[in-house]
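Chain lettering (A, B, C and D) follows the sequence in which the chains are written, and residue indices restart at 1 in each chain.
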Amino acid sequence: ENVKIALVVKSLGNGFFDAANKGAEEAAKELGDVDIIYTGPTKATAEAQIEVVNSLIAQKVNAIAISANDADALVPVLKKAMERGITVISWDSGVAKEGRQLHLNPSDTGLIGETIIKLAADYLPEGGDVAILSASSTATNQNAWIDAAKKVLPEKFPKIKLVATVYGDDDSAKSTDEAKGLLKSYPNLKAIIAPTTVGVVAAAQVVTDEKLIGKVNVTGLALPSEFKKFIDNGASQAVALWNPIDLGYSAVYLAHDLAVKKEEAKPGATLSIGRVGKVTLDDTNSAAMAPPFQFDKTNIEKFSKIY
Amino acid sequence: MKAFLKYREIWLAAAIIVLVGLISTRFPAFADPGNLRQVFNDTSILMILALGQMVVILTRSIDLSMASNLCFSGMVVAMLNAAHPAIPIPLLIVIALAVGLVLGAINGLLVWRLNIPSIVVTLGTLTIYRGATFVLSGGAWVNADKMSPDFIGFQRAAFLGIPVLSWIAILVIALFFVLMTRTALGRSIYAIGVNPTASVYTGIDVGRTKFIVFCISGIIGGLAGYLWISRYVIASVEVANGYELNIIAACVIGGISIAGGIGSVGGAVLGALFLGIISNALPVINISPFWQMAISGSAIILAVVLNARGERQQGRIILRKVEAA
Amino acid sequence: MDTTAQHGTVKEGPAASTPRLTLSGISKSFPGVRALHNVSLSLYPGQVTALIGENGAGKSTLVKIMTGIYQPDSGTISIDDQAVALHSAHAAFGHGVTAIHQETVLFDDLSVAENIFLGHAPRTRLGTIDWRTMRKDAREVLDTMHAGHIDADARLKDLGIANKHLVAVARAMSIDAQIVIMDEPTAALSMKEIEELFLLIEFLKEEGKAILFISHKFDEIYRIADRYTVFRDGEMVGEGLIKDAGQSQIVRMMVGRSVDHIFPQRKAEIGAPMLSVSGLSHPTEFNDIGFELHKGEILGFYGLVGAGRSEVMQAISGITRTSGGTITLEGKVIAPKSAADSIEAGIVYVPEERGKQGVVIGLPIFQNVSLPSLKRTSKSGFLRLAEEFSLARSYTERLDLRASSLSQDVGTLSGGNQQKIVIAKWLATAPKVIILDEPTKGIDIGSKAAVHGFMAELVAQGLSVIMVSSELPEILGMSDRVVVMREGLVAAVYDNKGLDAETLVRTAAGIAA
Amino acid sequence: MTDIPAPRHIPDRLDKPFRSAIFSWEALLVVVAIAIFAINSFASPYFLDPYSLSDLTFNFTEKGLIAFAMALLIISGEIDLSVAAIIALASTMMGMAVQAGAGTPVLVLIGIVVGLGCGAFNGLLVTRLGLPSIVVTIGTMSLFRGIAFIILGDQAYKGYPESFAFFGQGYVWWVVSFELVLFLIAAVVYWFLLHRTSFGRRVFAIGNNPVAAQFSGVRVGRIKFILFCLTGLMSGIASVLITSRLGSTRPSIAQGYELEVITMVVLGGVSILGGAGSIVGVVLAAFIMGLVTFGLGLLNVPGIVMSIFIGLLLIIVIALPIVWRRLRGSS
């Protein structure tokens, strides 16, 4: 009997997660005895994700690897899953410590926070006003990155002034409105930082529409395939992201190792993630996969064909 | 009564002016003609949708499926555009209208032929149409990347200094104005709302008129589908999720009576504009976005209270001396 | 216009020419009810045919078939000897059939002109509605009807009820219909408006229209009709020229027995004051209303429609808020804030608009009857069905209700039978004072007698009754005293001894004697 | 006096209980429920498992609790679209109380009282000012959730006491959850209230003809107010359950629940126009919706595709009796 590993995502249809699924399938093939169940709600809410997890528990899957819509709300149901003998890990967007055996960060939180500011600062030698357009106000990972960014600002980028943080809820219409509001309220705005693949596209489109290319730089985390256009037209100088394929691959690899090889997830443990390398768990049982990777005019063409 | 109706719209217009005034005390540039033009443009889609919803509400029905229709039609044209960028935009718009019409006609047929209350029918199709979008697209999004420059650029092109999107809204407003005040269909729509039984006795085919009304809101949904997708340059299953309530809220603020028969094109447009201004203004006057929801909620409640005040019947006056006084 | 008609002489119509409209073998059933069975009817140009029958005989159903609202199960309709199919109200118009229906059915929020022309408005060359021509035409139609005082631009809801009826007639005229049907057009009108309506009917006769006139009032029928057709239980049981038939003959056909409607004789045993009202006022509807009602008394309230009688009664029963005045019941001042309060205190109001205020369509008969008495039929909030059934049975059977079971939806009853339910439900609360607003509006002669008999019984048991009525014979026949209201004020109070109709009409209309 | 012949006897009811039971709405729902249950058991080997069946109930218990009160409200001719927003606001208030160190009993009390308060607010607007409820509650829906957003912003409340977890996660006996028990108790209570008390009778009367009901001595305003309060109360209770089940509060909690609750009520045969409906129907509809979503979930069908099934089910189940009547009528 094959090992059933469920890859639960925040919402279906998102190109980022579809890419992660590719990686998951790749890992499954490599591991041989694994069936992947790629699932998630269509609307990115915790309640909907709980129903999905409940049905996975009923199907007696061997492992659940989840990118959570809410760090806390999913804890009870994931605990129940663990009680029924299911291996639970979180990846990408984490779950509080009690609700999973380990969490795989796509990258180091502090590093991401620093990177998104650096992406803006690199093109603002004189400094200036920047604003953040985030996803939903409840998104765990975005909030962690923004906190990290705020922390490094005073020491490393004293000339950069963060004037506002707004939320587009990963909804393109809302993100568009918020981006427009930013441009109106802060006429001196030099950059919009959107650490979310939906928000960054919306912001870049707004900057293009308002003919502010060259005046306002859009940056943040973006999928090259979705974002190439805005690097090409100059609305954005550079964005960053990690490789979602690797992320999906690693998540499945870890879940498999915990479920089948009965590896133990404990602080300090070092676990293998196949072709991607090795990770070491910190004292919250979290690990970071790889540093974020930067895309600009020089390489976007190539990567837009991959993910 | 005619004068009274105008009265109501004048009130709403006054409220809007006051609102703009208040905002410009905190953010002077808001009242610039250029900015107001942009607010109009930003609100165009909501205005168009509110007009489509208005004709439905006037007949004592409701269309909860408009946002889902928008989502589905938008996805169809986005996918078509992605697959065949050569299809000219006018043809795509016609396709969007046609798809919207079909979805509207399904609602209309169920309401007309099976006599199911419209709120039930459209509560059902609300989820069905959105689900169908998922099935159609396999859940995948269509991104800016896959859309042709014309697809995105059409509504942004300026004509006489005003974007095409705004022109489309103006055209739709004009069409609805003629429809509601100058055509037999428009008058039948009012009559049905005022008194459905009397309408039957008057020879109006109530069922068929409701069918037509749903077709209209369907077409509007289709049009808004294209406009929405090309404006926000992403087509996904979540497009305009929950937006049906904004559309209804715009109608309500515009003084369209949910009990049917009362309301006007001007009201719907102003109602949409009111909501548009609020959502436009909040970010610029530095009110935390978290206040936005509570503020628009309060605005809706206030508008209903005021409208109800206006609608409240004076009662017929029997006493001479009161009449004289 | 022929002035002789105004004096109530019936002209011999054009000698039984060919009928304009003929119905033959029409049958129509509703689930569980055979409303019409193989009925026939002919309407002749320039003649008024009266359609007569008990409540539920099928009159309104026939009207709806003739106007395309219902489709008959079988039978044929021909107009000018041509068989026609009336699929919809629109098709009926096309064949020149128009109706003023039993319930006033027009559009309150639309203008008078639009009410007249909705569905056949004049168009511009572009095909859009020509508002200017429409207003002009509306004014013309109203003028030809001597109703020029009605403003074509006014909203219908701002008109008085009589004027609304005139608008309904104007609509019928504007369609240039050859066949005009009027289903109880006088039920909501008082003397003055009825006279105006009769003038109009005469006018229509002159124009050669074929008219069907439905009414339960024999004086009207004898006044205006040329021919009659009688229905009983959905079948046609007689027809002929009205001048050849006596009233008792027609009534016998109608109910299958003889009914001689004489108002019940009562020994006036009027006791102590029961209810006294003084200074009762309302900002817009009435002012300084005062009267006294005694135990065992029937107090009539007369006035023209719109005089404000109903509003006063609704204020006494807590439905309308007052701006001043006191109500005293058995020496205790009461201030009911809702119908519930007044019912508890022992005053019940039987409203006049049965469809809107009286019956709860959608609920079965027994639940309608028990609704105001739920406190008595239930026990600490829990329902007791047996109590409800027995309560409903005792009152409906006394009123000779025609229904197949007590669990039948009241919506399936005819108008008159619904009225019986309305009366039954408030009687069942065992009140001290009962206010009946137009209690016999739209009910047939047999049931009318039953209601009157019942009222007599009630006062004999020591109840006090207020009867609001616009029917003079009823007022004169039943009341001990009569309060006349005019424009929101009490115009006079008369003792009903040797009181004559003329005094009442003059007082109500404000014409000095 | 006129001779009135002996009164005709009118029977209580025309006896067709068997026929009417067979063609009743509830019977249709029972058939649908059994069919779906059977299909589920065939389609997935995991379905017929006590733990699965127990988990299944969580898909509808909270919404179902609100649906009972909503059913009464809709029967009376009103509607409440703000129920999900009430959940969010009540949950937020509970979260604030937790921060202030409140214990479980206080939390439950706060959830219920806030729900009741929101319901009363809706009720006042509708009955006192005579506003249409659909519009009022579209407004309060934004207002209530908006307040939750103002308070919480991008934060979350957590740290609910251990004992608080029982309401949404606890089991009374074996696999029978506390939520399920509460749902069944509420079903019985509401059944009595609607079908066996004079209050329920008045609710039906109001839904069919509010004016006539008022003239008949029914205190229409008061009853509607009570119904809004009940709906708020049930939303408050649901809020306690959901908050306990999630163990945390976000302002976006329970988003979109209002339409699911209304779908449940309508599927249960309650007339959206008011005046008709039954609690048994609502219970069956709750089970059906739970069965459909859970069954399809076992097959890993995405939620949005399930919603197609729910939408179709809604329209088909409502259309069936109409089509059936028409077919019978024409033959």
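Structural remarks
Please note the rule applied: contacts are C-beta pairs under 8 Å (C-beta built on N, C-alpha and C of every residue); 3 or more make two chains touch, one makes a residue touch a chain.
Heads up on the chains, UniProt names are B = ABC transporter permease; C = Sugar ABC transporter ATP-binding protein; D = Autoinducer 2 import system permease protein LsrD.
What you see is a predicted model; the values in this text were computed from it and never measured.
Chains that touch both chain B (ABC transporter permease) and chain C: D. One finds 74 Å separating the Cα centroids of chain A and chain C.
Distance from the chain A centre to the chain D centre is 37 Å, each centre being the mean of its Cα atoms. In whole angstrom, the spacing between the mean C-alpha positions of chain B (ABC transporter permease) and chain D is 29.
Annotation for chain D: residues 153-154, 251, 256, 302, 304 touch two or more other chains.
Across the assembly, chain B (ABC transporter permease) contributes residues 134, 139, 237, 290 that each touch 2 or more other chains.
Residue numbers of chain C whose C-beta contacts span two or more other chains: none are found.
Here the chains touching each other pair up as A-B, A-D, B-C, B-D, C-D. Taken together, the chain B (ABC transporter permease) residues at the contact with chain C in this complex read 1-2, 178, 181-184, 187-188, 190-191, 194-195, 197-205, 261-262, 313-322.
Contact residues on chain D toward chain C in their complex (touch as defined above): 1-5, 7-14, 196-202, 204-205, 207-209, 211-219, 275-276. Chain C contributes residues 32, 257, 259-262, 264, 319, 338-340, 342-344, 349, 351, 356-363, 365-367, 371-372, 374-375, 378, 381-383, 389, 393, 396-398, 400-408, 425-426, 429, 446, 449-450, 453, 456 to its touches with chain D in the complex.
Taken together, the chain C residues at the contact with chain B (ABC transporter permease) in this complex read 67-69, 88-90, 92-93, 99, 101, 103, 105-111, 114, 118-119, 121, 123, 127-129, 153-155, 157-158, 160, 283-287, 306-308, 311, 487-489. Against chain B (ABC transporter permease), in their complex, chain A makes its touches with residues 11-15, 18, 42-43, 137, 166-167, 171-173, 176-178, 180-182, 184-185, 198, 201-202, 205, 209, 225-230, 304.
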